[in-house]
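Structures are listed in the sections that come next.
There are two complexes below, and they share subunit A, which is joined by subunit B in the first and by subunit C in the second.
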Partner chain A sequence: MSGTSMTTRAWLLMLPLLAVMIAVIGWPLADTVGLSFTDAKLVGTAGNFVGIDNYVKTLTSSSFQRTLTTTTIFAVISVFAEMILGVLAALLLNQQFYGRTVLRALMILPWALPTVVNATLWRLIYNPEYGALNAALTQIGMLDAYRSWLGEPGTALASLIIADCWKNFPLVALIALAALQAVPRDITAASLVDGAGPFARFRFVILPYLAGPLIVALVLRTIEAFKVFDIIWVMTRGGPANSTRTLSILVYQEAFSFQRAGSGASLALIVTLLVAVLAAVYAMLVRRTAGSTA
Partner chain B sequence: MERKSFLFSFFLHACALLLAVIILAPVLWLFVMSISPAADLTAKPLVWWPQSVDFSRYATLLSSVENSAGAAFVASLTNSILVAGMATIAALALAIPAAWAVSRAPSVGWSLYMVIATYMLPPVALAVPLYFGLAHLGLLNSVFGLALVYLTILAPFTTWLMKSGFDAIPREIEAAAMMDGAGLFATLRIITLPLAAPVMATSALFAFLLAWDEFFYALLFTSDLRAKTLTVAIADLAGGRVSDYGLIATAGVLAALPPVVIGLVMQRALISGLTSGGVKG
Partner chain C sequence: MSALEIENIRKTYGALETLKGIDISLESGEFLVLLGSSGCGKSTLLNIIAGLAEASGGDIRIGGRSILGVHPKDRDIAMVFQSYALYPNLTVHRNIGFGLEMRKVPVAEREKAVQETARLLQIENLLDRKPGQLSGGQRQRVAIGRALVRKPRVFLFDEPLSNLDAKLRMETRTELKRLHQMLGTTIVYVTHDQIEAMTLATRIAVMRNGRIEQLGTPEEVYDHPATLYVAGFVGSPPMNVLDGVVTGEGVQLDGSATVITLPARFKNAASAGRRVKLGVRPEALRLAADVAESPALAVEIEVVELTGPELVITGRVSGQKVTACLPPRTKLSVGMKQAFGFDEDALHLFDAQTELALG
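For the complex of A and B:
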């Protein structure tokens, strides 16, 4: 088969996917860009062209700046904690102990639990009047009076981060464990003979095997954490006093609760751009690691 | 092998126990809430294990008496299965030819990378036009409309997984079949697709789980029992004025059951899918 006919055939086979993607992603995205320069409402008028007004208003508004900070805090802390806990759990699961097979299998549980179910579960655990956390802490004497974990601005974000970490660190652990199992036994044995201590062994023998898969996990988790909506919507809806409001929640409120489609669109595109910049930085990181380990 | 002292072994088992408790405690509590009498769940001090287990909420939610909590739950369960099933089948139908084409003719690969890059898009960037578009087509509050929207998530993801699956099948096998006179589609049907069956199964499971889990679009584009999915129904329960926390927990257990069973049974395949898609992609 000649090269050209193969390429033509390949394009034909790609066509259905590309057509559908243009219809459900390409066109809406272009439309969002168009909307972002108008003062369109969700219902009623098509809106007038207002230039970059929406962008200027959004970028200078204190609510956007505060929301960006909240999102960054949420993403950085939860992803960082998930990475550390994930690697620690993977190192543990790679050791010999009774019940290892069962524990490895159980790690899939938090990952498999739907996000909304996870959010609902933790909302019940944090319940200010009847929640299990209040009950447990009071019964072991660590807490004098029941607290409203999700109802106080000081604890709401931290409580959300814990719920998010619980769901996501096992996935990092499973990815890291798969990478650990790919470390050849004779290499670790050789490093032992050479007298490498446990930390040197981790840094120089094991970490190079982990770096690739972990960076991929880091990229995917950071992008998801930056876009976070579900868990926050179900647990706090961005409250109390907007202390847990992330960018996606803000866009939702602007475009759908306040029905300001135009300014909601500009905000959504700013979020998209931020995520794209993040991804580009990571892509450079991945290329550098791939270059150094190859 | 490293010699393990008794102390080290003790330390390992203590850590393993801690990890097991961290993983299991919240899940077990969800289940215990679902079988505890309502009074136990609002008692102070809290009753951690019910005197008498009560499975009646499962019967309540799975009954189809009209206008009951059960009817609403069963309707949303049906909608979730329909939407996730339709979106999965459509995504695979689009992904398989495209993934094979990219795998065998890398010169068209850039278009696939553009499709995969859409993973970065926050759904909010598409939500408003999709809302207008669905309204225009009369597909708001419809399982078909929601399944169509879910292709934005499922199709790029399954194409990505399927491509790494096809990459692992040597071209030489296909070439040999064609040499023996089989046409392209016969070759695909007899040789390639059977070899790719495990990857197809993994992709289908992932796609189904993604759709089952989806909340944002479902929240926006559905409004009543005709299309509301489980995730929205549960969020309604959790955010509403339901006085029986056990009922919320029961709905959670039932919604979690399919993905948890799939996860436990298919663990090996899911993880190899995650790592191969993640590392080679």
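For the complex of A and C:
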């Protein structure tokens, strides 16, 4: 079969999938792009063409900048903490000890729970009247009186980050654990004979095998953390005083609460662009890591 | 003082005993090969010496100091692994110097040692590369360099040539022999390849089921195998083993009227009626004019294989398989019945029940 007919056949085979993708992704995307250049409301008229006004207003608004900062803080701290916790948990679960299999299964539980369940659980833990955290901290003397962890701007974001970490570190741990099991036994043995201590062994022997899978986890988690919505919506709805408002919440509020579809569309596209840039940077990192360990 | 003393080493996994009391004493500069098939316990013994596995009993001393319970890095050993076990993200230079780096040897001293080792192994041009950019043979040289650079009292090699192709294996084997002759290091080397064992070792320990079947020089192991297992394991093709019974005249082969007259050295060991196994190496067989020539075997030829340097004949003597290695130009063909003679000195005799050598 010639190359040309092979190409034709390949396109023909892909055509149904392409048609579906254009229908469910391409068309809404194009519609959103079109909408973002108008002052359309969610209901009512189609709106007037306003050029790049929506983009200029969004990018120069203080609420967008504040929200971008909040989102970045949330993403960076939670992903960083998840990476550390995940790797530590994987190193622990890679040791030989009684009950390891049970512990491995239990560890997956927070990640396996639906986000809404996880968020509700943490709202109960943080509850200012009967929450377990307040009870525990007052009983061990670290707290004088019960606090509203989610109700104070100073503690709300940190409380959310902890809840998000608890839910997502098992994913990193699972990926790291799989990578740890791929570290050749001979290399670990060679490092023991060479006199490498635990830290040097981690740095020179284990980390090169962890780097690739961890970058994949980092890509996935950063993108997810950057567009986080559900856990925050259930726990704080972006409050108090917008202190936990992330970009996705802002998009929702703009498009649906304030019913500004045009402005909401431009904001959504900005978020999409930011995530795409992140994905491209990480894809580059993954390629580079794959090249260096080949 | 011995460089390495292994005293009654045992290893058990639950009810399974994989090492059943190993005793070996190694002088400085010796090249000991632990030879055996998979699961015989040779790698377990090496790992115990290295400190990568714990012994269930016994003692190991290096330079007179007991090393059981001592961390691998403090045992004064270096190890070369079958898979090379190079650190993939470090350059060849850092791989070789890694052990010295971990021991906080000053940079200048470390650099000198790495350069010397690289020169010795002729890998100076590879120092800036990473393991992924090297061929199998080059990786193995780096792995050997990593062990050599530390100048330990004992070197441990765990099947280091197994991952190389046949040609490279032979070249690296010669290189190892040259290094051992030049440096006079004490080496414990694990392999299942009897050619490696014969060519490299100053002594071979043939292992089976967690025990040493025979410990001796390559010549002793090859010329005077202590058991039927050793006789069959060392030598390629393996020794011919023919079942028979001792009679007044010699050994009568099963299913045949052929009687092999026993040399005087077997007279006391072989009493009439005793079931025995008679051994002759394939390379000890030569063409004989007649079966009347004694001792000789009348072989019906089934397969003729020319390997290049020799002609390998496989046939049967009254149903029992016999192999002979002859000069390549020998004119023999399938279906012929040919008499093969051998010297009396080439004859080995084993008790059929205990499988121990007689005489």
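By definition in this document, the second predicted complex is superposed on the first by the 279 of 294 C-alpha atoms of A that agree within 3 Å, B and C clash if a C-alpha of one lies under 4 Å from a C-alpha of the other, contacts with A are read in each partner's own complex, and residues count from 1 in each chain.
The definition used in the following text is that a residue touches a chain if its C-beta (ideal position, glycine included) is under 8 Å from a C-beta of that chain, and two chains touch if they have at least 3 such contacts.
Since we're looking at a predicted model, the values are computed, not measured.
Engineer: By the touch definition at the top of the document, which applies to A:A178: first (subunit B), second (subunit C), both, or neither?
Structural biologist: First partner only.
Engineer: Look at A:I25 in the shared chain and tell me whether it touches subunit B only, subunit C only, both, or neither; answer first, second, both or neither.
Structural biologist: first
Engineer: Touching A:L192 in the superposition: subunit B (first), subunit C (second), both, neither?
Structural biologist: Touch status of A:L192: both partners.
Engineer: Where does A:A265 make contact in the superposed view: on subunit B (first), on subunit C (second), on both, or on neither?
Structural biologist: first
Engineer: Counting residues of subunit A in contact, which comes out ahead: subunit B or subunit C?
Structural biologist: The partner that reaches more residues of subunit A in the superposed model: B.
Engineer: With the two complexes superposed on chain A, say which partner A:F229 touches: subunit B (first), subunit C (second), both, or neither.
Structural biologist: first
Engineer: Touching A:F204, do we find subunit B (first), subunit C (second), both, or neither?
Structural biologist: In the superposed model, A:F204 contacts subunit C only, not subunit B.
Engineer: I'd like to check the shared interface: which positions of subunit A are touched by both subunit B and subunit C across the two complexes?
Structural biologist: 192
Engineer: Which of the residues in subunit A end up touching subunit B in this complex?
Structural biologist: Touch residues, subunit A against subunit B: 1, 6-7, 9-14, 16-18, 20-21, 24-25, 27-29, 31-32, 35, 42, 89, 92, 95-100, 103, 105-117, 119-125, 127, 129-130, 132, 135-136, 138-139, 166, 170-171, 174-175, 178-179, 192, 212-213, 216-217, 220, 223, 226-227, 229-230, 233-234, 237, 247-248, 251-252, 255-256, 261, 264-265, 267-269, 271-272, 275-276, 279.
Engineer: Which bits of subunit A are touching subunit C when the two form their complex?
Structural biologist: Subunit A reaches subunit C through residues 184, 186-187, 189-197, 200, 204-205, 208, 292-294.
Engineer: So in the complex, which bits of subunit B are touching subunit A?
Structural biologist: 2, 4, 9, 12-13, 15-16, 19-20, 22-24, 26-27, 29-30, 33, 41-42, 44-46, 93-95, 97-98, 100-102, 104-105, 107-108, 111-112, 115, 118-133, 148-149, 151-152, 155-156, 159, 178, 184, 209, 212-213, 215-216, 219-220, 230-231, 234-235, 237-239, 245, 248-249, 252, 255-256, 259-260, 262-264, 267, 270-272, 274-275, 278-279
Engineer: Tell me, which parts of subunit C touch subunit A in their complex?
Structural biologist: Subunit C reaches subunit A through residues 47, 50-52, 71-73, 77-79, 81-90, 98-99, 102-103, 130, 132, 146.
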